[in-house]
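There are two complexes below, and they share subunit A, which is joined by subunit B in the first and by subunit C in the second.
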Partner chain A sequence: MKGYAGKYLIVDLTRGKTSVGRVDESFALNYIGGYGFGARMLYDMMPKPAEVDPFSPENVLIWWTGPLAGTISTAGNKYAVFAKSPLTGIFGFGISTGLFASEFKSAGWDGAVFTGRSEKPVYLTIDDENIELRSASRIWGRTTWETEEMIKEELGDESFTVASIGPAGERMVRLANITNERNRQVGRCGLGAVMGSKNLKAVAARGTKDVEVFDVEGLVRFIAELNERCQGPATEKYRVYGTPANILVHNKLGCLPSYNFQRGTFEYAEEVSGEMMLKTHVKKIIACAGCPIACDHVNQAREDHAGTVSSVDYESLELLGPNCGIRSLDTITKAVEICDTLGVDTISAGNVVGWAMECFEKGILTKEDTDGVELRFGSNEALLEALRRLCLKEGRLGMLLSEGVRRASQIVGKGSERFAMHCKGLEWAAYELRSLQTSTLGFAVSNRGADYLRSGSYQVDVKGQVDRLRLDKSRGKIVYDGENQYAVIDSLIICKFTRGVFKSMDELAKLYTLVTGLSMTGEQILKAGERIHNVARCFNVKCGVTRKDDYPPPRAFEDPLPDDVVKGAVIRREEYEEALDGYYECRGWSRDGIPLKRKLLELGLSKEAEEVGVEA
Partner chain B sequence: MNSGWALNEVELELVGRFRELFKRKSMKISVEPGTSLLKIIMELGDAIGVDLRSEFIGPDGKPMDESSLIIVNGRVVDLTRISEQIVKPGDRIVLAPSVAGGG
Partner chain C sequence: MESRLRKIIVCDPDKCNGCRICEYICSFASEGVLNIKKSRIRVVRIEPFLNLAVACRKCEDPPCVKACPRDALTQKPSGIIVVDENKCNGCGWCVETCPFGVIRLHLDKRKVIICDYCEKHGYPRCVEYCPKEALKYVTLDQAARELSKKAVQTLLQELAAK
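So, the complex of A and B:
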C-alpha cells in the first residue's frame, strides 16, 4: 500500500525510549488516517478513560497524518493530535495544517504516540530514521515563535519544521494549543496542556524521502483538475477576503455573536469586517504547503500596537472582537498575537473572556476577583490584559479564565453557568445559536463538544434551505450526513475549504485510491466515516457522555434574541428534543444517545458492541 | 410601508464582492409593483454590465453549492423561488457572498 509510510513512532516519555508500530492494510481501509486512526487508537489504548486524569502520565497523546500528507494532493498537508481532553474530559482532537505534516511523513512516519511523562522538559526530533529526545530546559518558558527559532538554531538546520507549546501549555492552561509555523495551530480541546503535562515542549521533524503514490500519472491529472476547480467560484470567498468575509454576512443574518452571545448583531460590524480588514490591515495573504487557494490573511496592526503581525481568521476575529464588544482591528490583531505566541486557542479564549465581561457587568465578578481589571465589554486594555493573565495563569483572574468557561462558571456560580457558552465543556464558536438552529444541533451532538468543524450543518441554515429559526426532526439527518462526510475529510486529511471542489464522495474515494492503491468506493469511504464517528462516540460514552450532554447552553432556550432581523428567536425545547431524536434515529443510537449493538456490529465494531453498545 | 421611504423604493445593501461590483455599500432603488426578485437582479446586472444572475443561479437554472446569498428583511431567500418572490416597497435586500468557514 502506498501513500502511508506504514509505520508510526511510539515514544515512552517516562523511560526515554522509542519503538515502532505498524500500520497495516485493514487498519488503513477501515480508518483511513487522521481522525480515524486517532479515534481507533485512543479507544484501544485507554480502555477505562473515565478513570484517566488528562494531566496524568496515563493519558496518551497521539499524532497522525493522513495518507495524502507529503503527496501533491490539493490542500492535504495536515496532521491531527488526540488525547483525553483536559478541557472537556472526553475525546480531544485537533487538526493543524502547514509544512509540518509533509516533513513528518517524508521522514517515513505516519504518526507518533506519546505515553508516560518525561521527568524533565524535552523535545523530540525526527530526522528521517534518526529519533532523539533532547533537553528542552533552554527553551522551556519561551513563546511558540521563539521556540521554533531556537530549535532550528540548535539543530543548525532551517529545514526542520517545529510544532510546539508556549508558556500556556507548560502551565497546563486548559485552553492551550499546539503551534507550528508560527500561526498554524492544533487549536481546540487543550491538547497543548497535555503536552505540557508530559514535559514535552515540541516536536521537530525533517524528512528527505518521497512519499510514494500508487498511480502517479492518474494523480497528477486529477490534482491538476482539482487545482483548476480551486481557482473557480467555489473558493473565491476564501481567496479574496478569507473567512473574515463572514462578519458582515453574519451580521445581516443576525447570527454574529456579540457581547457574549447576548445578541446576534454588532453595531460596529463594519469596523471589524473582512472588507475593512483587507483595506486597512492585511499585510499579505499566504497559503499552506500544497494549497492553491491561499486563504490565510496576515494582519499588521497600525497605530496602536504598530508592528504587531498575526494571522486573523473569522473565528479569532469574531470571538476576540464582537463577542467581547471590541471594535478595533489593531486590538484584535494584538489579541491574536498574544494567544498565538503564549499558546492558547483564540476561540475558547475569546469566549471565556466574553463570559467574564458579562459577569463583571452584572456584578457577579468584582474588581477584587479580577485583580483590579475593569473587565467591561469594549475595553481594549481589559481584553489584552485578561488574555495575558489567562495564558500565564496569573493572579485570580488568570487562574479562573485558564480553566475554560465551564469550570470557571462552576467556580463562580451565582447563575453564571446559565450564560457560559459551551457544550460538553468546549467553548461555543462564532455562530449564534438561536438564529442558526440546525448548526446548533450539529455543534451540540459533536464528539468534541461545541464543534463548528464536524458537520457543516450551518450550510442549510445560511442557504435558506430550511427555516433556520426553527427545528424539526429532519435536521437530524442533515447533521448525520454532514458528520459522516466530515469524518472522511478529517481522516484523509484535507482542508475543509476544498470541500466545494469535490463533486461527490466518489471523488474523495478516487483520490484515496490513486494515492494508496487500495480500492475504495464513495459508499465504502462514507461507511468508514460513520465507523470512525461511532468509535469516538463510544470513547465518549465510556467517559460518561449520554443524551444529557448533547444540548446547547441554557441561553439558547431561555433568552430570545433582541436583534431586529431575528427578533425573538429562541430554541423551543420540544423542537430540539424532536431534532435530537431524529439524529439518534439516523445514527442507530438509543434514545439516550448510546450506540446500539446492532449498529456497531454492522460497522464491524464488535469490541465496541460488547463494551458499550446497548440493545434496541 | 416604512415612513421616510419614497413610494416603490427598496434598500439594497451590498457585502463583499458586491461592494466592488457596485462600488458602494448600499443604494435605494425604485421598483414597479409586482416586480420579482429575479427581475431586479437582472436589471441591476444590466445597469453595471455584469451577469448578476450567475452569482445565484447556475447554467442549469438551479442554485449552485456556492451560490451567493440574497437576504430579504433578514430572511435568506430560497434561490429556487427567486423568480416568484415579489419585492415590496420598504424591503431591505442584501446581496452577500456565501458564508465561508468550517461551520
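So, the complex of A and C:
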C-alpha cells in the first residue's frame, strides 16, 4: 500500500529508547489514519483508562498523520495528537495543520507514540531514520515561537519544522496546546500539558524522501480539479474574510455568545467583525502547506500593542472578544498572541475568563480572589492580565483559571457551576446553545466534550434547514451522519473547509484510493468513520461516560435568551431527551448511551463488544 | 525561433501565501514524484508576513554557467540552463553562485537541478497549479507593465479620493 510510510516510531521516554512499529493493510483499511489510528491505539494501549492519571507516566501520547500528508492532496497536510485528556479525563484529541505533517511523512514515518516520562526536559528530532532525544534544558521556559527558532538554530537547518509547547504546557496548565509553525495548533483537550508532564518540549521533523502514492498521474489530475473548485463559492467565506465572517452572520441570528453566554448578540459586533478586521487589522492572508484555499488571517495590532502580530480566527476572536465583552481588535490580537506564545487554547481560555468575569460581576469572586484584578466584562487590561496569569499559573487567579472552567467552578462553587459553559469538561466553543439547538446536541454528545468540530451540526441551524430554536428526534440522525463523515475527514486527515468541495463520500474514497491503492467506496469509508467513532466512545465509556454526560450545561435549559431576535429561546428538557434518544437509536447504543454488542460486532469491533458492549 | 523577449516565472508577493503547491507539483513535473525537497522552485517564508516563490531567472551571462569548473552548465537561446549530468559532479559552486539561491543539489543523484520551465510540457506546471495566480509566466516587460498599471491605478484612486 502507498501513501502510508508503513511504520511509526515508539519512544519510551523513561528509558530514552526508541523502536519501530508497523502499519499494516487491515489497520489502514479499518481505521484510515489520524483519528482512526489514534482511537484504535489509545483504546489498545490503555486497557484501564479510568485508572490512569493523565499527568502520570502511564498516560500515552500518540501522534498520527494520515495517508494524505506529504502528498499534494488538497489541504491534506495535517497531523493529530491523542492522549487521555487532563482537561476532560476522557478521549483527548486535537488536529493541527502545516508543513510539519509533510516533513514528518517525508521522513518516512506515519506517527509516533510516546510512553513514560523523561527525567529531564527533552525534545525529539526526526531526521529521516535518524531519531534522537536531545536535551531541552536550554529551551525550557521559552515561548513556542522562541522554541521553534532556537531548535532550528541548534539543528543548523531552518527546514526542520517544529511542534512545541510553551511555558503553559511545561506548567501543566490544563488548557495547554501544541503549536507548530507559529500559528497552527493542536488546540483542545490540554494535550500540551500531557507533553509537559512527560518533560517533552518539542518534536522537530525534517524529511527528504519521496512520499509514494499509488497513482500519481491520476492524483495530480484530481487535485487540479479539486483545487480549482476551492476557488469557487464553497470556500469563498474562508478566502475573503476567513472564519471571522461568522461574527456578523451569527450576531444577526442571535447565536453569537457574549458575556459568558448570557446573551446571543453583541452590541459592538460591527467593531470586531471579519469585515472590520480585514479593513483595519489583517496584514497578510497565509496558507497551510498544500492548501489552495488560504484562510489564515494574520493581524497586526495598531495603536494599542502596536507591532503585535497574531493569527486570528473566528473561535479565538469570538471567545476572547464578545464572550469577554471585548470590542477592541487590538486587544484581541494581543490576547491571541499571549495564548499562542505561552501555549494555551484560545477557545478554552476565552471561555474560562468569561466565566470568571461573570463570577466577579456577581460577587462570587472578589478582588482578593483575583489578586487585585478588576475582572469585569469589557476590560481590556483585565483580559490580558488574566490570560497571562492563567498561562503561567501565577497567583490565585492564575492557578484557578489554569484548571479549566469545570474544575475552577467546582473549586469556587457558590452556584458558579451553573454557568460554567462546558460539556464533559471541555469549554463550549463559540456557538450559542439555545439559538442553535441541533448544534448543541452535536456538542453535547461529542467524543471530546463540547465540540463544534466532530459533527458540524451547527450547519443545519445556521442555514435554516431546521427550526433551530426547537429540538426533535430527527436531529439525532443529523448529528449521527455528521459525526461519521467528520470521522472520515479527521482520519484521512483533510481540512474541513474542503467539505463543500467534495461532491460525495465517493470522491473522498476516490482520493484515498488514488493515494493508497487500496480499494474503497464511499459507503465503506463511511462505515470506517462509524467504526472509528465507536472505538472512541468505547474508550470514553471505560472512563465512565454514560448518558448523564451527554448534556449541555444548565444555562441551556434554565436561562432563556434575552436578545430580541431570539427572545426567550431555551432548550426544553423533554425535547432534548427525545433528540438524545433519537441519536442513540441511530447509533445503535442503549438508552444509557452505551454501544450495543450487536452494533459493535457489526462494525467488526469484537474486543469492544466484549469489554464495553451491552445487550439490547 | 525564440522570441528575443524571454519569459520567466515571476511571483507576486501580495498574492503568494506560502502554500507550496508549486513545490509539490514541481517535484511531480520534474521527476514524477511528490517531494518538495526535489522542487526546482523554492518558496521562501519570512515570518510573519513575507512569502515569495523563486525559480531560475534565466540571467543574461549567468553566473552559474561561469562558475562551473567542469563546464556542465550551458544556457540555451531560450535562457534555460541545461545541466549535463555526465559532467556535473555535484561540487555545488553554481549553487553558491546563484544570487537567488534557486539551484539545488539533487538528494539521490548528487547532481545539481535547475528549473527547466517544464520544457517538454511546454508551460511551467507550477504556474498552472498556483491557486492564487501569484505565479506568472511572462516576459520581464509584461511583468513591469503590470506593475505600471498597478501604480497608475493606485495613483488615480488617491487623486480621486482627494
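Going forward, the second predicted complex is superposed on the first by the 616 of 616 C-alpha atoms of A that agree within 3 Å, B and C clash if a C-alpha of one lies under 4 Å from a C-alpha of the other, contacts with A are read in each partner's own complex, and residues count from 1 in each chain.
Everything below uses one rule, namely that contacts are C-beta pairs under 8 Å (C-beta built on N, C-alpha and C of every residue); 3 or more make two chains touch, one makes a residue touch a chain.
Being a predicted model, the structure only gives us computed values, none of them experimental.
Q: Mind checking subunit B and subunit C on superposed subunit A, clash or fit?
A: Subunit B and subunit C fit side by side in the superposed model.
Q: Give one of first, second, both or neither to describe whether A:E368 is in contact with subunit B, with subunit C, with both, or with none.
A: Neither partner.
Q: Calculate the angle at subunit A, using C-alpha centres, between the directions toward subunit B and subunit C; round to the nearest 10 degrees.
A: Apex at subunit A; the opening toward subunit B and subunit C is 80 degrees.
Q: If you stack the two complexes on chain A, which partner ends up touching A:V298: first (subunit B), second (subunit C), both, or neither?
A: It touches subunit C, and subunit B stays clear.
Q: Report for A:G254: first if it touches subunit B alone, second if subunit C alone, otherwise both or neither.
A: first
Q: Of the partners subunit B and subunit C, which touch A:C230 in the superposed model: first, second, both, neither?
A: A:C230 contacts subunit C only, not subunit B.
Q: Going by the contact rule set out at the top, does A:G464 touch subunit B (first), subunit C (second), both, or neither?
A: Touch status of A:G464: first partner only.
Q: So in the superposed three-chain picture, is A:L453 touching just subunit B, just subunit C, both, or none of them (first/second/both/neither)?
A: First partner only.
Q: Which partner does A:E615 contact after superposing on A: first (subunit B), second (subunit C), both, neither?
A: A:E615 contacts neither subunit B nor subunit C.
Q: If we overlay the two complexes on their shared chain A, which of subunit B and subunit C does A:I285 touch? Say first, second, both or neither.
A: A:I285 contacts subunit C only, not subunit B.
Q: Using only CA atoms and the superposition described at the top, report the least gap between subunit B and subunit C in Å.
A: 16
Q: Which positions of subunit B touch subunit A when the two form their complex?
A: These residues of subunit B touch subunit A: 13, 15-17, 19, 63-67, 69, 71, 73-79, 94, 96-103.
Q: Inside the complex, what are the residues of subunit A that reach subunit B?
A: Touching subunit B from subunit A are residues 233-234, 236-238, 240-243, 245-246, 248-250, 252-254, 274-275, 314-315, 429, 431, 439, 452-453, 456-459, 461-465, 468, 496-497, 500, 564-566.
Q: Using the touch definition up top, name the residues of subunit A that touch subunit C in the complex.
A: Subunit A residues touching subunit C: 70-72, 99, 102, 106, 182, 207-213, 216, 220, 224, 227, 230-231, 283-294, 298, 309.
Q: Would you tell me which residues of subunit C are touching subunit A in their complex?
A: 17-21, 24-25, 27-28, 32-38, 45, 47-49, 51, 107, 128-129, 131-132
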